[in-house]
Every structure is written in structure tokens, then in C-alpha cells.
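Right after this note come the structures.
In the two complexes below, chain A is the common chain; its partner is chain B in one and chain C in the other.
Entry: the complex of A and B
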């Protein structure tokens, strides 16, 4: 019987991937928005560094700052795709959970594999080309060193942990669909808070000292700060593994929490109706 | 096959008083309103049957279907599906492969992808071997004529096309039991016929047990030998379609429009009150009689000899008139 437990979920993976292709225009707009954001950041920080006389701020030179921001924007492109939030929230508010219970698959597994499908799609379609272009500019245009292969590898592992963290958060937050229909607003708030707390907006070194260590051990750091700092070689090997461990630990804990939430949600649907 | 034993389903909703004051009160009180959606229903469904499950809006049909498919847990009583409880976590796994569900008002297809992808998804979920899947697909394709729409995105399908596709998707894994919750809702007459024909065919070919709810009595008449009627959570009738018609008599209604007046009292006396005559607002006389006890000839002869008839229509008792009567009187 247990030939391949993933076969059941292959369809959701593939489906979300194909969905991405079906909505390529929408995604392109999102990507464009990302580029505009980066553009604004580049000039904003240029102004700040000029004011500062070109010296480094909190351990970041201007170029390092730009690489950090570009990489964190690109990372969030594939690590946080919000598929679970979107789909689960919609299913809850439209009462579709009930229908999904008539299929022999776990609802949490379904949403997780949808996220993975979207992740791979985003990774190949947007992250990879953008990353290569960005690295080409940084390495050949600006003379910055290309990331070490070991760091690149660790970055991918940290990013995957980030995917699980982000997806589990999404699943948990989507439960709010039971009490409100304005999930889009919640998504905007969520994105704003997450990009701040994950170090995606500004590096942790810009926060006060007490907040730095505090934030590094929160699950949000796994979404941007940990993978990006590892990629850029700002962590030595030991701290790389420590933060990677933190991210993986949170990933497991949050995934379990989301499985628990899934069970509660189904219980609720079973007794109160979808 | 499926046994529903004295099943109840109560929903508890917080009681809200109207107005702002009431809204605040709700925050601190725990008063609850109980809605008895299903209240003590028992019946059984045997293998290979097509059972029509009817009732007015809010009668508890969907709730029962949801309990039978394991989406809702009964408040009390039990439902056994081949001896297993569909709403039990462990039993459910075994049962889900044996059931197919179509909710007429919801689709289970992948909205943004070509139809074909949805079928492939179900192949994976139900772990259907490729050769069996291809055979199955061919059968459903021939039955429901899916070929022309196979490559279109589901959101671009018309309601009729989508319903055909939904029916096929519920049948991909060849379930033993197919639950259809209002499968013909919002469809035009032709598509309805096609769907009911396909449902019949499925029942014949695959020996699939079919349980369907609908508001369309024509569907029921075309499909079911047996019907179950519920109202306000209670079982009103469980038996064959023939029996219910017999019980209500085979009443014919003749509508006559005539130039002259008819003495209603005399006519009733002539037939010893074996018929009923009423004058409608539109000027038509409605003569109703039981076809089992009176010959049509006598009635027509009487009418023709006493009236200068301008127009004449005949109606027989339909299931819908019976059901309307049952809904109105809340008993049988």
C-alpha cells in the first residue's frame, strides 16, 4: 500500500505549478512591483549613505546594503508565496473545506504541496533568472565576490526551512477566515509585519542590540535574515549552523502546529458545518 | 449497504439580540439557539438502488447527505456504511475510496486549469493504475461527451458542461456509492435530460448505488424507484414511487371553459360525490376525479352533453402535486 505516499499529492504540486503559468501575467505584475520596490530602495539608501559621507552604517557599506536588499527581495519571491493563506482562507470563508473532506487526502498535505508547487514555479520562473542577472551585475559590474558554493547550498536549505515556516504561518493565519472575510487586508498586514520582523526590509544590525538577538531566534528570521546572511557570507560556519538549526526547529514546530490547527478546523467543520 | 439509524443533527448557534445593546449582550451571555436540522431519521439504502431524497428547502436533506459522506458528525444516532462510520477518522479512510460526491452548487474541479488536469489529479489522489484510468476516462468520455471540453479551462465551461465534468470527476475512481446533491440545479431541460440519462446509465453499467437530492420532480420520476421524503428534520415517507401515487389516488383534473353555466350541485349528485368541481378565477371549471373509480367516458359524456365547450385541458396527478401537498400539510 505505501508505495509512494507522495503520489497522492503530486497533483496539487503540479496543479499549483501550472496555475502559476496560467496566471503568468498577474505574477509578472507582482514581480514588476518587486523590481520597483528594489529600485526605490536603491535610491533611498543612496541618499542615506550620501548623507553619511559614504561610510558604512551598522557594518554595511552601500553596495553590501544593496546586495542584501536585492537578495532578500529575491528570496522572499520564492520563500513566501502565500498560496496556503490564499487557498485555505478562501476555502474556509466559502465553505469548501467540507467538500475536500470527501477526498482521501489530508487537507494540510494538500495545501502544503500546493505551496511547494508554487515555490518551485516561482523559483524557476522568477528567482533563478533574476538571481543570475543580479549576480552577474554584482560580480562583473560592481566587482563583488560571487557567493561561495557551500553558502549557496546552505542558503537553499535555509530557504526551504523558510518555506515551511512561511507556509505554516499562512495556514495558521488563514484560520482567521472563520471570523472575518477581509483576508486580503490581513495578508497586507501580515506581509508588512513579516518583512519587518524577518529582516527583509532592513538588516537586523540596524535594530537595537537587545532586539537583534531576540529577533534572530524568532521564526521570522528564517524567512529572510538567516538565508540571506548565509548566502552573503556574513555568518561564519558556526553561526550559520546555529541559525539554520533555529530555522529548521521552528519549521518543524510550526508545521506541527499547523497540523494541529488543521485537525481543530476539521473538527469544527464536522460539528458546525462548513 | 448504508444504514441510517435514528440520526439527529443539532446545530448550536449563539443567540443574538437585535441592536447595539444586544450585540454587547451576546459578548457576555452564552445563550444558544438549537436548530434541529435532522431529528431522528432512519432508513437504509441497498446496493444498486437509486434513491431520491426530497424535501423542501431547509428540510435537512443536505445535512443528511453530509453526514452520510462523513463531512458532518451526527449529534446522536449512527450511520453505517458497509458497517463503518463515515464520520469516524479511521473508518473514513477506508470509505472515501468507495464514495463519489457531487455538490451541484460547488465544483470540485480545478478552476483555473484545463479539465484534463483535474482528472489527472483525481487519478493521483485515488491512486488509480494508468491502464484502468484510461479505460475509465474513455467510458466517461463516451457517456458524457467530454472530449470537446477536455482542454478548456474549467472556469470557461458553461454550467451544463461543468456539471457533466463534475459528474465524471466523481466517477473516475469507480465508487460504489455516488451522492448527488442537486445535480441538475440551474440546468436547462435538454442538459437535465442528458445528465439524468447518464446517471441511469452509470447505475446500470457500474452497479453504482446512487443517492440524490433534487427539487425537480421530473428527475425523480425519471430516475428513482424509491423516494425518501423529509421535512423539518423528520421522515415523512420512505417507499416506492408507485406506492405514493397509489396512496394519493390517480387523480385526473379536467379544466373546461364553456359558454354556458354548469349546475355544480347536480353534477356532483349525478356522480354521487365521486368527483369534485370547482370554478377557477380564470373562468375554467376544474373537474377532479379518481381514475381508479370512475371511467373517463362517463365524465366526458356528462360534460359534453351539458356544456358548450370552448376549451378543454387534462392534467394527471404529478409527483410534484403530491409533494406540494405533503409539504403544505407536513404529513402524509
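Entry: the complex of A and C
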């Protein structure tokens, strides 16, 4: 009988999930900070729409804009909260990597399953309750339509592709730990690029036309723009599947790239044998 | 006191040198804060592009405000950022034992030992924003307007410092306070826009507006002095009344709020640090 190859990774999955449960209050405070920014955005966009006399701008009414920003903040809570960047970066710059390599598991597999464990925890503990409250307010309080079931399903698939994209990027960027100790600086640059080019800060329709034509085809769009636009029913079925295909394609390509980087990294590590 | 003025440059030189050992780190740190501010600002640019203005504030005014604000923020970042590490658990690692052994003010040592090069990135970006937007604004550059603004900008890093210090001090009771620190500190994002957008006629908006002037006075740093410079003769709403656009008056308000906040934070810090007991390591 063949053994299930994923069996040995179950521990990492469970470990990160329990880790999240243990630190839930601390993480909740971090999660609430995302909503501070929503507070700013509510006022900022109100002022912008007031200038415009309340008409819709670039295909968004005021309420649609707030819905978009709230949903992209909620999405990032479970999609871009992987552990690969911090764990791998720390392992590399502090030299713990040699110890990790002695274990009979793939190092990339370990970090990926840890991320998945954290993702499931984030999804259940923070995303789901907040999503239900937000949808209750949008549907019953503000009279916006509840997302269609098919769109909810496609949203989950797109979000999962986003998790793989984000985690693979994290793993690749963590390799910079070989050349710099300033992982905080790398993280700031990464977050700036992720939040801006993913359409998380502002929808793609506000970008200039030349940028719009290719932004949806970059891997970053899978982190916010693609799942949120699908969820809110802003894409018809055909374009939903096109952008979903783009996201899944990038997810596969970037995961393979991270596996390749893992191999190169192992060659690069020189252990002093201590 | 004289001792501290003599020691501070030496401490700072040491901190800068220890950072310059790793040139790549220096460069990455510098780019980090530039990148995150550039992303926020570009998003703001794209958002206001269809309407071009928010009330009185044209896009160039908003850009000037953003750039101006980055400078006090960057000064604070550069000089006092070690507090984040103390809030993030450094206190438990025995670092404080070393500091309390020396016959110097502990807060002085905690801050002077570290130099955050990322703050320089903010100062550079802020200067660029002001240089780009300033010429098209037709600003009043007379001495009686510019002098109080510069004094205010030099005092206002104390506001950021005080808020970090106050929230960090909870770490003496709870071991870690970094999530509280960053939660309160990140309210600074509210101050990056002309805070008149919060004062939109609703009671809640007026509350947010005044909170940003007194309790978490991030709006005080940039909005108040620049509103007086850009729109002379227009009264500025303030609590339940309004104040004339007088730069010296505003300098006085900034100095008073910054000093009171810092005094409170420092008092809390000195009370809290007595709770510290060494782990014995």
C-alpha cells in the first residue's frame, strides 16, 4: 500500500493552525487595523463623490466602491497572510536553514503547508464572521444584492489561487535574506507592490488605460482584483473564467518557480557543521 | 543635561556607523518607506484624478500637504524607532538590564542607540513632493508665515514620539505591546489627507476631526499650519468654534499639544518602567 505523500506535512498544517488559535487575540488586533484604513477610505471617498455630485466614477457608485474596498480588505486577511516570508527569511538570515534541511521533508512543502494551516485558521476565525457581518450590512442595511452562489464558489477558487501566488512570491522574496538582513525593508516594498498592483488600494478601472490593459494579466491581480470583482459580479461569466485561468496559471508557474528556488537555495547553503 | 548634549552626537554617530556596515541593508531600508508612501500617494492621485479637488484642496495642495507631513514623520522615524523593538518583546530579552546599569536616562539610551535609515527616505520623498507641488501653489512665503511653520514642523515629531512612547510603555505590564502600538500609531494615516474631509457636517465626522487635533493629533502636524498658509483669511473649524488663520497662533497650539502629550507619555513611561523586573539573565 502506498503511503499518502501529504501525510508528513499534516503536522505543519495543524501546527500553524493551532498557532493561530493560540494567538487569536493578538492577531485580531492586527486584523482590526485593516479596518482603520477602511475608516479613512469611507471619508475620503465620501469627499470625492461629493465633489462629483454623487454620480458614479469609473463604473463605481459610492456604495459599490466601499463594498469593493471592504471585500478586498477582507480577502487580503486570508489570501496574503502566509508565513513563508517571515519563516523562510528568518531561517535564511539567522542560519537556521541548515537544521531545517536535515529533516526528511521538502523545505518548500513545509512552508507551504504551514501557510495553508494559517490560511484555514484566518478564514474560519476572522474572514468568515467579518464577511457575514459585512454582507448583512450591505444586503439588509444598504440594499445591495447578495453575491450569487456561483460567484461565491468562483471567488473561493480565485482566492485559493491567490494564496498560492502570494505564498510563492513570499518564498521567492525570502531568498533575498541571503543578501540583506533588512527583511523589514523588503516586506515594506513587497506590501507596497502587492497592495497597489493587486487593485487592493484602488480598483483597476481608475488606472490609466495603458495600465489597465495589462494589470489584469499580472500575477498580482489574483490577490485582490480578480477574486473581489468575481465576488461582486462585476465580471460576466466568460471574463470570470478568463481571469480565473490567468490566476491559476500564475499560481502554478510561481509555485514551480518557488520549488526551483528551493533547489537552488539548498545548493547555496554552506553549513559550518556546528 | 549638558552631558546629554555631548553624548547624543556620539551615540548617533555610533548608530549610523553600525548601520552602514551593511550597505545593502541601508539601501533596502531607505527604499522601503519610500515605496510604501509612493504606493499610498499614487492611489490617492488616481482616486482624486476624476474630481481634481477635495473641497478647497486642489490636487497640488494635497500633494504639498503629504510631502510636508512626511518630514516630521521621517524625523521621528529616524531617531526613535528602536521603541518598536522594545514594544515587540525586547524588554523580556534582558536588553533593559544593560541599559539600567548605566548612569544615563533609560529613554535617552533606548532611542539614541538606534538609527532608522528608512526615515531619511521619507524626508527625501517629502522634499521631492513639496518641490514638485510648491511652485504651482502661489504660497505666502513671508517670514511671519514660514518661520512659525518651520518651528511647528520641528516640534511636531514629538507628537509621533509621544504616541509611540505611551503605547510602548504598556509592554512593562504585558510583556509585548507592539499590536497596540501599531494600532494607535497607524491612525497617522488619517492625517495624510486634508482633515477637513472628516468634518463633513455629521456629528461623528466632527468628532473624528477634533480627535485628530487633540487626542491623536496627526491632523495638527500638517493640516493646520498649511491650511493657514494656503487659505489666508479663512477661519479654521476648531472644537465648537473656529480660529483665524494665524500662523503664530497655530504654532502655539502645536507646541502646546505636542509638549503636553510628550509630558504625559514620559510620565507614564517613568511610572511603568518601575514595574520592570529583570529576568536575571
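The definition used in the following text is that the second predicted complex is superposed on the first by the 266 of 274 C-alpha atoms of A that agree within 3 Å, B and C clash if a C-alpha of one lies under 4 Å from a C-alpha of the other, contacts with A are read in each partner's own complex, and residues count from 1 in each chain.
As a convention for this text, a contact is a pair of C-beta atoms (placed from the backbone, for glycine too) under 8 Å apart; a residue touches a chain by one contact, two chains touch by 3 or more.
Quick caveat, the model's predicted, so the values are computed rather than measured.
Aligning the shared chain A places chain B and chain C next to each other free of steric conflict.
Touch criterion met: A:36 reaches chain C, while chain B stays clear of it. Ranked by how many residues of chain A each touches, chain B and chain C are led by C. When the two structures are aligned on the shared chain, A:103 is found in touch with chain B, with no touch to chain C. Of the two partner chains, chain B is the only one that A:7 touches; chain C does not reach it.
Of the two partner chains, chain B is the only one touched by A:269; chain C is not. Using the contact criterion defined above for the overlaid structures, shared-chain residue A:133 touches neither chain B nor chain C, since it reaches no partner.
Here chain B and chain C sit at a least CA-CA distance of 10 Å once the structures share a frame through chain A. In the superposition on chain A, the residues of chain A contacted by chain B and by chain C do not overlap at all.
Residues 7-12, 14-15, 18-19, 22-23, 96, 98-99, 101-105, 269-274 of chain A touch chain B in their complex. Interface residues of chain C, counted against chain A in their complex, comprise 22, 24-26, 28-33, 35-36, 38-40, 42-44, 46-55, 118, 176, 179-180, 182-183, 186-187, 189-190, 193, 197-198, 200, 205, 208. On the chain A side of its complex with chain C, the touching residues are 26, 29-30, 32-33, 36-37, 39-40, 43-48, 50-52, 57-58, 179-182, 184-189, 191-193, 195-196, 201-202, 206-207.
The residues of chain B lying in touch with chain A in their complex are 11-12, 63, 66, 69-73, 87, 93, 96-97, 99, 101, 103, 106, 108, 110, 112-113, 117, 120-127, 153.
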